[in-house]
Structure formats: C-alpha cells, structure tokens
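Mind having a look at this structure? Questions to follow.
Going by the order they are written in, the chains are A, B, C, D and E; count residues from 1 in each one.
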Amino acid sequence: MERDLSFLIPELLLSSAAMLMIVAEMMRAARLALVIGLVGLAAATLLTLPMLHADTTVFSGTYRIDLISGWAKLILLPGTALALLMVRAEITGQDREGSVYALICLVTLGALMLAGGGDIMVLVLGVVLTGLGSFALVAFPRDDAATEAAMKYLVFGAVTGSVMIYGLTFWFGGVGSTLFSALGALDGRPLVPTVGLVAVIIGLGYKAALVPFHFWAPDAYDGAPVSIAAYLSVITKLAAIFAFAQVLRDLPLSSGWPLVIAVVSAVTMTYGYLTALVQTNLVRLIAYSSIAQSGYFMLGIVALGASSLAVPGLIVLGAAYVAMNLGAFAVVMISGRSLNDMRGFGRRRPVMGIVMVIFLLSLTGIPPLFGFVGKVYLFTAAIESGFVWLAVIGILNSVLALGVYLRIIVPMYQPAQDIDESSEKSPHPALVAVIGITALVTLGMGFLAGFLPA
Amino acid sequence: MPLLTLATFLPILGGLALIVLPNRSARVAHGMSIAVTGVVFMLTLVIWSRGTIAGGFAQIEELAWIPAIGAAYRLGLDGLSLPLVLLTSLLFFLSAIYSARISDRAPSYVVLMLMLETAALGTFMALDGLLFYVFFEVSLVGMYFMIAGWGYEDRQRAALMFFIYTLLGSLPLLLAIIGLYLSSGTFDMRVWIDMPPLTGIAAMLALIAMLFTFAVKIPAFPVHTWLPAAHVQAPTAGSVILAGVMLKFGTYGLVRFALQMTPEAFAQAGQVILAVGVVSALYGAFAALAQSDLKKMIAYTSINHMGYVVMGVAVAALTVDLRIRTIALDGATLQMVSHGLVTGALFFLLGMLQDRAHSRDMSEFGGLLGRVPWLGWSFILMAFASLGLPGLAHFPAEFQVFLATLNTAPWAIIAILAIVVTAGLYLRAIAAVFLGSENEKWLEMRDLDRREKLVIVPLLILTVLVGVAPSWLINMIHTTMESLSF
Amino acid sequence: MIPELIIALSVGAALFGVGLYGALSQTNLVMIIMGVELILAAALVNLVAFWRYLYPDVPAAQMFVLIVMAVMAVEMAVGFGIAIARFRSRGSVEMEEARELKG
Amino acid sequence: MTPQMIFLMFFGGAAVWFGIVVFRTLSMVRSALALLFSQTAVGVMFLLMQAEFLGVLQIMMMATEMSVMAIFMVMFMMDPGGMGAMDMTHQKRLSLWAGGIGFVAALAVIWLADWGPANLQIPDATEQTAELGRELLGRSMFIFESAALMILTAMVAATMVAIHPSEGRKR
Amino acid sequence: MTILVLTLLGPLLAALAMFTLRRMPEVLALTGAVFGFAGALGLFVAVSDGVVVSISLPFLPDFPIRLVASPLTATLSMVVATVAAMVLIYAAGYMRKDPERVRFFGTMLLFVTAMQALVLSGDWITLLAAWEMMGFASYLLIGFWYGRAGVASAAMRAFLYTRSADSGLYIGVFILIGMSGTSEIAVTLISTGTPTLVAGVLLLVAAMGKSAQVPLQDWLMRAMAGPTPVSALLHSATLVAAGAILLIRTAPMLPDGVLLVVGIVGGITAVITGLIALAERDLKRLLAASTGSQYGLMLVAIGAGAPIAALLHLIAHAAIKSSLFLGAGVFQHDRDGTGLETLAGAGRARPGIFAGFAIAALALAGIPPLAAFFSKDAIIAAALDSTAAPWLLPLALAGSVLTGAYMGRALNVLWDGDAGPVQVPVPLMTIGMGILVALATGLGLGFGALEHMLGAEIEKPGWIVPAMGLAVGLAGLILGWFVPPARLLGPLLTPAQNGFAVAGGMDGLILRPALAIAANCEAMEQRLLRAQVGTVRRIGLGTAQLAEHADAALFAFSLWVGQLSMRLGLASKFTDTNGIDAAIFGFVQRMIAAGAQARRLQSGFIHRELALTAIGIALIVAGLLAAPYYS
C-alpha cells in the first residue's frame, strides 16, 4: 500500500491542491487558489521526475506508472500551470474565479487518470471527470454563447460517454476482468473486442475531437473564454490520446483496429484543415486546426503495435503541441478573436508577431521547430508499421496546414487599416510569461529533442 | 576548434544579437550583417585550408541530438560540399554588402538573411539526414519571408507560390529520409552512403520521392514554374541567394542523396533522369529566349544550367567507365559553383539596373553601355560567361558534362543546342539593353558606385579565374569524385 | 448458451436502443439526459448479468456498477446545473434554439 | 423456461416499456415518472439476479434521482405537464433508425458472441457485500477514491454554473 | 618555351596593361604586337631548326592546356603575328580620333591572343577555347560602334552563326576525346573508323561556320559593320582562317568521304561567294565575299588532298586581303563610306594607295609573280590530280575566274571617276599597308623554303596549270573591268545581291526555328501552368478569359516566327503570372470549396451533428466487422 501510494504522490499532491483551492475559493481568495494551484502543479511535476523511468502498476494493475503516464504528467502538469496563468489573465476578478482554478486542477487530475489508466473503470472515471469539469469551465461566463457551447458539449459528451460505458461492459463480459492487460484474452474472438473498441473510439474520440466526434469542439472553444478553449484543446485532448495508447496497446491486433484508426486519422486531418481553411473566426480556425492535429496524433496510435517510436512520438508531439497550441491561443488572447484582428498585427507588435509565426510554423511542422520533431517521430512510426499511405496523407495535409496557417500569417504582415492606437493596452504579464515560455519550448526543444524519451 | 559549427551558427547568433541589441538602426544592422558574413567567409576560407580527404568526409563534428532515433548533429565536408560552402559564404557576404542600402525594416531583413545563411551552410555541411532536412526547410521559410517582405509588386503571390511549391516538394524527401532511416536504424548519412540501405522497389520509391523534391528545388522541367515567379518578385539579394545558393540544394541533394544513397535505382532510372536534364536544359534555354523581362530571362537560364548538372549526374550513374563518371561529376559540381558565381553576379547587376531604372523590361532600355560602362561591361562579361564562353566559369564545367554525356548517352548531346540558344538570348539582351541608340529616358543614369563595384568585382575575378585556371577548385572536387563509392 | 444471460442482455440492448432514440430525438436538454440515463441503465443491466451468470467471483463487476451509478448521478447533476445556467441566460433549454455557434 | 427467466423477461419488458413511455408522453413529469419505473424495474432485475445490494441501491438512488428530476421539471420547464401538447422531438425517423440499429447491433453481438460456460457459484448476499467492501478498499481503492473526486468535481462544477453571477461582474 | 609563352603573353599583357592604365593604347598595342611578333619569329626560327617546342599548363584533371609549336603551327603563328602587327600599325592611324581607342586596341590584342592560342594549340580543349574566345573577341570588335544602327545585330549575327556551327566542333571534339581518351590533337589525328568520320563531318561544319562557307556565308558580309582594321584582321589571317586552319591541321585524319565533301563545299562556296562579290555594291562587302570565295578555294585544296597548298594560299591571302582592306579603309576615310558609288574614282586621288591596292588585287587574281599565283596554281594542280577532279577542277577554275572578275570590277570602280579631295595624310596607315603589299608581292618566293620546312614539298606542275591559272585570272580581270556585273550575272544578279540566302540562309535554318521553338516553349509553359491547374475549372479568372489569352498569345507567337528582328511580341507577358495565380489559387479555391462543403456539416444543430456522428460510428463498425477480410 505504501509503495502504491508513493507512486501516486503527484496525483495526491494535485488532488490535495485542488481541495485546498476549493477551500480558498470558499474564502473568496482566488489569488490564493491560483498560487496553491501553481505550487501544487510545480511540486507534482518535480516529484514526477524520479519515477520517470519506472515501469510498473499500482493497485493491482488499475493504474499504470510507465513511460506514457510519466511523461503525460511532465507534459500535462506544466501545461495546466500555463493554462492557469492564461485563465488568470482573462478572468481576473470575475465571480467564482477560484472555482475555475480548482476545476482546472480537477480536470487535469482526470486527464492524468486517463493517461495512466490500466482499467476500464479508471477510463470511465477519467472520461467523466474531465468531461464534467470541462462542461462547467465552458459554461463559466454563463452568457448565451457559453451556455449554448456548454450545452452542446454536455449533450455530446453525455451521449458518447454513456454509449462508451455500455460498449465497454461487453469487454468485461468477454474477459471477466476490467483490466486492460486482460484484453489479450480476446485475441481471435469475433464481435466482443469490436464492440468495446467502437466504444473506446467513441468515448475517447469525442475527447480527442476526432472526426466524426468533433462537432462539439469548435462550438465549445468558441463559446468558452479563449484561455479555457486553449486549456481544453490541449489537456483533455492529450489525455484522451494517451488513453488511446494505454487501451489499444493491450488490444489484440486481430480486431483490425489499426486500419480503422488510420482511416479516422486521415479523415480527421483532412477534414480539420479543410474546414479551417474557410474560417474567419480565429478561435474556430485554431479549433479546427487542432482537430486536424488530433489526426496526426492518431498516426502514433496506429503504429502502437508495430513501432517502438510510436509512444515516444506521441509524447514528443504532445509536448510540442502543448507549447505551440497554448502559445497560439495566448497570442489570440492579445490580438482578438477575429481573423481581421490579425491584420497588421505583426507590424504593430513585432515580437508577438514573430512568436506567433513560430507557433504556427511549428504547428505546420516546419523544422527545426518542436512540432516538426514530433511529426518526424510519428511519420517514422507510421511508415515503420506499414502505413505509408497514411504518412503520405499526413504529409499532403501539411501543405493544407500551411495554407491554413498562412491565412493568419499573411495578414499579420499586411499594412493595417485604421488601428486605434489607444485600444492597444499592454498584455497581462501572466500572458506574456506564458507566451515566452511556450515560445522558448517550441523553438528550443527542436534542438534539445534528445532529452525526450527513447 | 569546431569551425564548421561556428561558421554555421555564427550568422544566426549574429541575428539573435541584433534582435537583442538596443540600437537597431539600419546602419547598425547592416554593419552587423557585413561583419558577420565577412567573418563567416573568413572561417570558410580557413575550413578550405584544412582541406578534405579522399574517399570520405573530413572535418567531422558530431554531437548527440536525438539519440532515441539515431539522429545526431553531424557536420562534415567533402569535395562536393566544400566548394558549395565557399560559394555560399561568399555570396552571402557580397549580398550583405549589396543590401547595405535597404532601409525598410533593415534589422528584420538582416536577421532573415543571416538565418538563411545558417540554413544554407547547414544544408551543405549536414551529415545527418534529419539535420539536413531541418536546414533545408528553414531555408524555405526564410526565403518565403524574404520574398514576401521585401519583394516587388506581386510579392505575396509569388511568395505563396514558392512556399507551397517547395514545401509540397520537400515533404517527399522526408518520406525518403524516414525510409532510409527505418532500413538502417540511423540518420547518419555516411552510413547511408557507405552501405545504401534500400534495395529493389523500396529504393526506387525512395528515389522517386527524392527526385521529386530535388527536381522542384533544382528546378527541372516540368516543376520549374515557381522559379521565374519567385525570381521576378524577389528582392535582389533574395534572387542572388535563391539562384546562387538555394538551387544548389537541389543538385547537391541529387548527388548526395539520390545518387549516393540509392545508386542502383538511380542507374536504373538514369536514362529518364538524363532525359529530364536534357529537356530542362533545352526548355530553359528556349523559354528564356521568349522572355523580355530580364530577370525572368536569367531565371529561365538557371533552369538551363541546372539541367546540365542533372545531365552530368545522370551520366555519372549511367556510365560504367570510372573515368567518364569522374569527369561527369567533376563537371556537374563545377557547374554548380560556376552557376552560383555567374548567375549571382547577373542578378546583382540586374538589381543594380533595376535600382536605377525601376524596370526590368529589356525593350525599355538601349544604348546603356556608353552611359554605364561598368554595369554594361560587367553584364556583358557575365552574360558571355553564362553562355559558356571558354575562359570563363561555365566552360570547363559544361565541357566536362558534355564530354561525359556524349561518351555515355550520345543522344543526349542534343542538349548542346542550348548553348547556341543561350548565346542568342544573351546577345539579344545585350543588344537591346546596352547596344544600339541611347534611350533618352536614361541619360541621368549613374554608373556603379564603389559599394556596387565591391560586390561585382570579386565575382568577375572568380569567374575568370575558374574559367582560366579551374584546377585550384576542381582538384578538390576531383579527389572526392574519383573515390566516390556507389 | 445461457438463456437467462441472453434475456438480460437483450433487455439491456433494448434499453440501449430506446435510450439512443431518446438522446437523438429529444429537443429538450433534460429529456436528452433521460435518454442517457436509459443507456446507462442498459450498461448496468449488462454488468449485473455478466456478473451473475459468468463471473460471480469477480467483485470488480459490482464495483463497476457502483461507478456507473455514480456517473449517472453526477452527469445529471452537472446537466441540471448547466440547464439552470442556460435557463437563466436564455429562458429555455431547447436545443433547437442553441444555434448561434456553427460553421 | 425457469421462473427466473420469466421474471427476468417480465421485469425486463417492463423496464423497456417504461423506457419507451419516457419518450412517448408529452408531459415531462410523466416522463420522469416513467423513467423512475423503468429504473426500478431494472433494480428488480438486479434483485432477481441475486445482486441484492445493487438492486436496493439502484431502486433507492433512482427514486431520489427521479424525484429531483421531476421537481426540476416543475421548477424550470415551461410546460412540464405537457398541456400544450407540443411535440418535443425532432428528426424522429433518423433517431428511430439509429436506436433500432443500435438495438439490433447489440442484439447481434449478444446472440452471436460466445459467452463461455456459465459460472453459477453465486456468493450469498453477505459475502457479496463483504467482497465488494474488500474490493473497494483493496484493489479498487484508487478507483473508488477517484469516484469520490468525480463527485466532488461534479459538486463544484454544478454549483459554479448554477449560481447566478454577481451583478457588475459579467463578462 | 619562353618564346612560346611570349607569343601569347605579349599581346595579352599589353591588353591587360591597356585596360588597367587606360592610356597610350597605340604604344602599348604596338609593343604587345612586337613582342608577339618576336615570339612568333623566335618560334619559327626554332622550329625551322627542327625543334618542337611545347608547353603544358594545368587545366582540368587529365586535360591540361597544351601549346605546341610544330612547323605548321609556327608558320601560322608567324603569319598571324605579322598581319596583326601591320594591321595594328595601320589602325593606329585609322583610329586616331576615336575616343574609345583603349577598348579598341585592347580587344584587338585579346583577339590576337586568342588567335595565337588557336594556332598554337596542341590540344582540342585549348583549340576549342581559343576558337570560342576568338568568336567573343570578334563579337566585341564587330560591335565596336555599338551605338550605330545595325551594328549590334551584325555582331550578334556573326557570333550566333559561328557559335551554331561551333556545336559541331564541340561534338566532334567530344567524339575524338572519347575515342582516344586524351585531348592531345596529335594523338587523335591517327584515329580512324566511323566515329572519326562523324567527327570529321562535324569539324567540317564548324569550319564552314567560321570560314563562312555556303550556306553559312551571310554573317561575313554583315560583319563589315566593324571598323576597317577589324575587317582586315578578321578576314585575312585570323577569324575566317580558323576554319581552314582547323581543316588543314586535321586533314591527315579526315577520311576520303569527308575530304570530298570538304572539297565540294569549298568549290561551291568559291563560286557562290564569288558571284555575290561580283554583285556587291559596297567595297568592303565585296572584299568580304571575296574572302569566303578564297577560303572556298582553300577547302578545295584540302579536299583534293593538298592541305599544304591550302596553307600556302592562306598565307598569301592573308597578306593580300589585309592589304586590300587597309586600302579600302583609306578610301573609306576619304569618302566617308564604302559604297561603290561613293568610292568611284577614289583611287585617282591617292595613286600610291591605289597602286598598292591594285597590286594586291592582281595578286589575288593570280597574276605572276605575285604571291597568290603560286598558291592558286598549287590548288588547281591539286584539283587536277585529285580523284575527284571532275568535281573540283571546274569549281576551282570558276572560282578563279570570278576572283579576277570582282577584283577587276573593284579596280575599275576605284579608278573610273572623279578624284575628289583628299583630306589628311595617312602615314601610319600607309606604312602598315605598304609592308603588307610588299609581302603580298614577294611571299611567293618563300614558298619553296616553307614547303621544305613543312616537309611536304609540292611537285612543281608543268606548264598547263600555270597557264590555266594565268588565263582564268586574266580573263576574270578583263571581264570584271569591262563588263558591268548586271550583264555578267544575268538572272543570277538578284539572288547574288541577296547573298544566295538558301532557304532563307542561316536565318531560315537556325534563327527562325529557334524562335519558333522558343515560342512553342513559351506556349507550352502556359499550357503546363494550366495543366498544373489540373481539373480546376472555375478558377478566378474564368476559362473563357484564359482561352482568349492563350489565343492572343498564340497569334502573337505566330507573328514572331519569321520576323528577322528578334523583337519579342507582347504575348508572353500575359498569362505567365495568370497561369501561376491560377495554379496556386485554383488549388486554394478548390480546397476552400471543399472546406465550405465540410463546414456545412457543422450545422450548429447538435442533434444533426449527433446523427452524423452516429453514421460515422456505423461506418467505423462496418470497417471493423470487415477486418477479418483485409487483415
């Protein structure tokens, strides 16, 4: 028991922090809640480091301490901290501010459960926990748009979640255990693995915003505060992708999942970028592009069984994605939500402009930025596992991606029309910090990619 | 001392320093630019003096980068890359001098140029597949912003075209690199070269992917259409770098990757590649003949000249005679350098002309030779160099390429028609711009000033030097090519 | 072939079908949540049936049932919370009216 | 045909029937009641399947839950009684198809899959509960605690969104 | 060895010094010429003692630059140096007033350097390089007065014609090197076989271009746009001679078939350009045409198997033709033009110059004992002896008659008319010309020694050949003097005046096809761009408009073809950018359209979106159920 708990220190720290934050919120001390959250996240991150190379499970296999969950903590916890800062910059002083911080930490906890889950029940709990918190976060402004977004998010989440739970019961029926590691017994059996697999694809696909489970994403991001959208687009999505990896690597290949996932991946990438091409709302544009990014992550999922690079690839691209997507959203918080706000942005704020270009190019996958390294891993993994066509589609989509991101970059350097100088206020320092950190990571980790997992 | 690393990253460090610098006036920026590129040029001279070795790479610098996938930071040189490195550092140095007049957002311009230099040097020196690709792509981004930011009238479109085209072009290379990696377990290009890891159909697929990439970059018919557009709109220094340095990525890659890493497939596809080279050479020449825009004309001649390089490489793969192969590769490599010198100079001269006249259309000029003798005579000399006049830079290279071609695939010698056509088009351009009766419009035109002469004269001297006594350059190339194993 | 198991599971399947129909066809948020509850009930039936006829020695099944029940409760709670917020802001929880965000 | 089968079929049929009624009646309150009956029938099925603890729990929980739901309806809905005879559905055909296909697909899996031999060593109620307790505090402790966190989250989330934002602090 | 280098470096260093110092061009030029001459003389002396001087400089790996002074090359070098020195002396007077003398003399010296390199080359690459360098220098020289109308095009034409023919040299050289593995000329000369035949034909093509043989003769007449000393130098012993020199040097290698072709081409040229010369209305152009004709005779000799005879005639012709040009230059100074009408009677005004001109003319016509008498006799004798005599002899004789005729006509025109005023004394010009005339007169006496030195003495013919030569020469002179060309030529007059532009001459053979191909390439470029647009139909521009543009472009292209002036139509400007735009924006448009389609799915109605999701799930299930069949 002590051993098991010692491996759970980061999670315990985070949950304690969350409860303290709730207490702080009761005292209406939002700032204190923020500080507690940040400290908790930092401490949890640091305490993750010693167990990075562990490969074990706790509580009889229901929770895994392995490469994926370790790195997921290293990625998600700092990412959450950055998101907290962004949220702080956006909603300072609003009612129930502290609840938001607490909920964010709780959702991250759910995300960690998803990333480390070794059991169907943990998976279910993770999905529901992240979902519940997210609905509330989206609804936080409680205006028309936010409630509409939250409602759609909720309906989608509730339906897909319940269908997933229903489908997962069949797995239990098939093997008599709720552990993923028992799924091997399904090898060669018809139907039962398929039902559960469909259930997982539905539940996690919804979380990761894969096509055709993505419909909620643009609306939810659009209705929510930008910082919340940034948080959701990064943390819950990554969690779902790590969960995919945790589940599917134990699922026998005989169920034919790689090809189906590959098709989903291809459709997702293409659909995301195509739709992004016609957006005029910057948040929606990034929302669609992040749908497409999920498609790229799926390259790694597809290759799980056949390539040793798949998991590192997911981790690397995940880390990159946290940095670049959070960064891009942070810049959007400064520039404004409409594509028109970007006109001349690069000339008005040269540094922000350059940074935004870095984020967008990294999202496109231009070397030597961080996003490129991740994509190389994943393309390599996909090719190694025989999905050359998928890699080719991914590569072709990179061109589409370029078109999408150039839609932002090009106006940034066009002369701006009638900009009201007085409306330009200096950005919140927390935001600047976030942008600085994410930019450094996006730029620097491309070179230092060697520190990433093998 | 890790001179290669130093030379590669000094420019970008200079650029970063410039960003940090409190005083970022145009003067400071250009001073920085000239100083940094000058130092890099000196460094490459020192690197040159250290020399290469036969049968492999010299001056290797290696550092772990992503050990997980066998990618490392590896730099090194051989007789193929060293001349190109020298060319790169020289052209960037001269471009920096030339650009010293640009005042519009000078610091950004300088940073971009310096970034491009890092990318270009890195591309030529990289010995790691992934690293190569990284530099290769960075150059693309830099050039996009260069064209989009400082180009002429229709720059946004040209830049977009350039970017999409070459990005679409470069991604297949990534596939090929990944393929090579998966079959060898490392990104070390030396391993790929020593023991080509791919065979059979896989090698052919990888070759096709690489050929696509490099054909876009070279550019070869029929994926060349971005080049004239990009050149016409690019600022002068951009054109110089684009033509002088970046087109070489394509041909360099053709030798380094396609030829050396998939030699068997390359030999199988040799005739096709040769045909592409021949068609490019002829097509470029004829298309250039039909232009009245001077910059576009030179751009098309680049297609012609690069076509010769492709021919040389293809012939090297086709022939069984070791001697002919060496001749072909010598010629192809020398052609890359010559093209950099000559076309670089031509674009500089056109830029100077355009600075004065704000026009590139040859029909708008006439009789300028008397008005601007320096400009005119430099142009004439360079034009003749470009059309392959003996005693000037292109002759030895083209001679070798043709010699090897005729003795390997005699049909391909029809490409020699192109030398007549280029002669015709250059003479026509010279006649239209510099000869004939003087156009009243340009009576006030100034001749080259000291800075401009400083840019042009080294190129003139080198052009003659390479033409008259190429041995200082070609012996270095020869040593490597002779011992090239594939 | 265990007839009881099949019967129980079939009941679950029917509940699932009904719930799915409800979730897709209802215009009202609360009604949709009811559909979801039915689907979850189907899951419950399944789990208990599996436990009873196949794995009576696996208490994890019962644990799973508890979890699903908890999920039913919390989903409803949060659903109602959002419904209240929506009602405050808009005066109705009709999904048809939630169409400002699209495209 | 054992009695257990007959009872299962009966209560199963009842659960399904009330489930259908949920969406057939126009009154929301009646829907809530129908759902309550449906869930209760499910609870009875649990009891039939000798899962006493779960069955009781189900019935009690659902009773509370559904009454909350009915109260909510009355409090917040425009027409909880269905007086206006408004149609509360859309895309009925498609939903029917979806529900039907879902049902058939599930049935197909259920009927076609090989579920293996039956194990009829049912522990008695006390033992069941004891085992469940051991499971709760042993193997599944992490899960159990997580469920607690989930409920905590739901509380925070629900209160946060349901509480009226203070005046003057609106976005 | 130093002498060998001196021959080349003399003029070259002088040229460089001139370009650097930019003053005293005449002095430097003459110094350079003298050094060059000294070098050539030294070589000649050394070689006549039986020493072979050679040098090898590094160039390409395995292909060094080789210079060799054998008896043949040393002789040629001597000729070049002599003529060059004289012409430069003359030019010092001729160009006295020109503001750009530095450029003129510098280029002249460069030219001489190139010619010396060509003559002395012992290696194909060197020869090729020198060959082309000379073309370049001649381009600069012909285009010296670039501001004047027509000059640019004349210079361009000269370069283009010769360069087109040069591709023959290139390929021939490649074949020879490929065959023997070395670029040394001496080694390749012993090769035989089909490749040699091909190479021989290709070399002939190159020689025809440089020596202005039919049908590549047109450029030569136009090249008169340059200053007169340039013409004198180019036409006597250098540029035009290069073709003949090439053939003389490679004669041992050429198979009989090629030799026959050489002879016939030469003979035809001798006749045709002779006719052109007769029909010319400009003295310099007449002399130019005559050059072609004389080189035709030399080719006849080569074809007849007597390259030495060709060499002798080349030497004689060098002196004679330069004298004639220099004389013409003096008259040109007097009358400000070289049209025959303008020059009528110019000779009377300067009897001394006219005398020199007349001696040279007579020498060319083959009047004994002047130089060309001997060489022409040798040619006729060779033609007579040759196996192809029935072909070659009539052509050679006809060429000789015509030579006499046009020279007679020139003399007649110069003498027949009013003397008119003389402007200025021309001492330097006279010196230069005088020495050359003297050479033209006396060179014949040295031919015997020369033959001996070259080790190929020509058998002294009996009386028939000299008689024949004398007779045709005199007949020609008389005809030319008394009968106006219109009557002499009859129906041939017009084509002759048009320069016998066979099939449109070179323009028709090379320029127009080249331009047509260029136009096609441009059209193809458009098509290519449109093809890259692919299946996109509704691009921003609209198909109709595109087609219209393309039509306009094609129309304009068809206008191009056949236009002699190389002015480009407006057409190409149109669609290039449009095509590119269309490509890019077609792609983008298509993607955007697809995006808009996809976007429509995002209806905002959650139930519809859920239904779509359900459909998606159904597809996924279907895919999974099919898994056993594909995996």
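Criterion: contacts are C-beta pairs under 8 Å (C-beta built on N, C-alpha and C of every residue); 3 or more make two chains touch, one makes a residue touch a chain.
Because the structure is predicted, anything quoted here is derived from the model rather than measured.
Undergrad: Minimal path length between chain D and chain E through chains that touch?
TA: The least step count works out to 1.
Undergrad: Would you pick out the chains that touch chain C and also touch chain D?
TA: Of all the chains present, those in contact with both chain C and chain D are A, E.
Undergrad: Tell me the chain pair with the top count of C-beta pairs in contact.
TA: Looking across every pairing, the one with the most contacts is C-D.
Undergrad: Taking CA centroids for every chain, report which one is farthest away from chain E.
TA: Following the centroid criterion, the farthest chain would be D.
Undergrad: Cα centroid separation between chain B and chain D, in whole Å?
TA: 71
Undergrad: Report the inter-chain centroid distance for chain B and chain C in whole angstrom, where each centroid is the mean of the CA atoms.
TA: Each chain reduced to its C-alpha mean, chain B and chain C end up 65 Å apart.
Undergrad: Centroid from C-alpha atoms only, then distance chain A to chain C, rounded to Å. What do you get?
TA: For chain A versus chain C, the centre distance works out to 26 Å.
Undergrad: Just the number, please: Cα centre separation of chain C and chain E in whole Å.
TA: Computed from C-alpha means, the inter-chain centre distance equals 94 Å.
Undergrad: Mind pulling the residue numbers of chain A that touch at least two other chains?
TA: 121, 125, 128, 132, 135-136, 139, 142-143, 150-152, 155, 159, 166, 170, 173, 190, 194, 218-219, 279, 403
Undergrad: By the touch rule stated above, which residues of chain E touch at least two different other chains?
TA: Counting only residues that touch two or more other chains, chain E contributes 599, 602, 604, 606-607, 610-611, 614, 621.
Undergrad: Tell me, which residues of chain C touch at least two other chains?
TA: 9, 12, 16, 19-20, 23-25, 27, 35, 54-55, 60, 63, 67, 71, 74, 78, 81-83, 85, 88, 93, 95-96, 98-103
Undergrad: Using the touch rule from the top of the page, what pairs of chains touch, sorted by label?
TA: A-B, A-C, A-D, A-E, B-E, C-D, C-E, D-E
Undergrad: Which positions of chain E touch chain C when the two form their complex?
TA: Residues 599, 602-607, 610-611, 614.
Undergrad: Which residues of chain C touch chain D once you look at their complex with the stated criterion?
TA: Residues 1-22, 24-28, 30-31, 34-35, 37-38, 41, 44-45, 48-49, 51-57, 59-60, 62-63, 65-67, 69-74, 76-78, 80-85, 87-88, 92-93, 96.
Undergrad: For a test of understanding, state which residues of chain A touch chain D in their complex under the given definition.
TA: 4, 8, 15, 18-19, 22, 58-60, 62-63, 93-96, 99-100, 102-103, 106-107, 109-110, 113, 119, 121-122, 125-126, 128-129, 132-133, 135-136, 139-143, 150, 166, 170, 173-174, 189-192, 194-195, 225
Undergrad: In their shared complex, at which residues does chain E touch chain D?
TA: Touching chain D: residues 607-608, 611, 614, 618, 621 of chain E.
Undergrad: Along chain B, where are the residues that touch chain E in the complex?
TA: Interface residues on chain B, with respect to chain E: 154, 157-158, 160-161, 164, 222, 225-226, 228-229, 283, 286-287, 289-293, 296, 323, 326-327, 330, 363, 367, 369-370, 384, 389-391, 395-396, 399-400, 402-403, 406-407, 413, 416-417, 419-421, 423-424, 427-428, 430-431, 434-438, 469-471, 474-475, 478.
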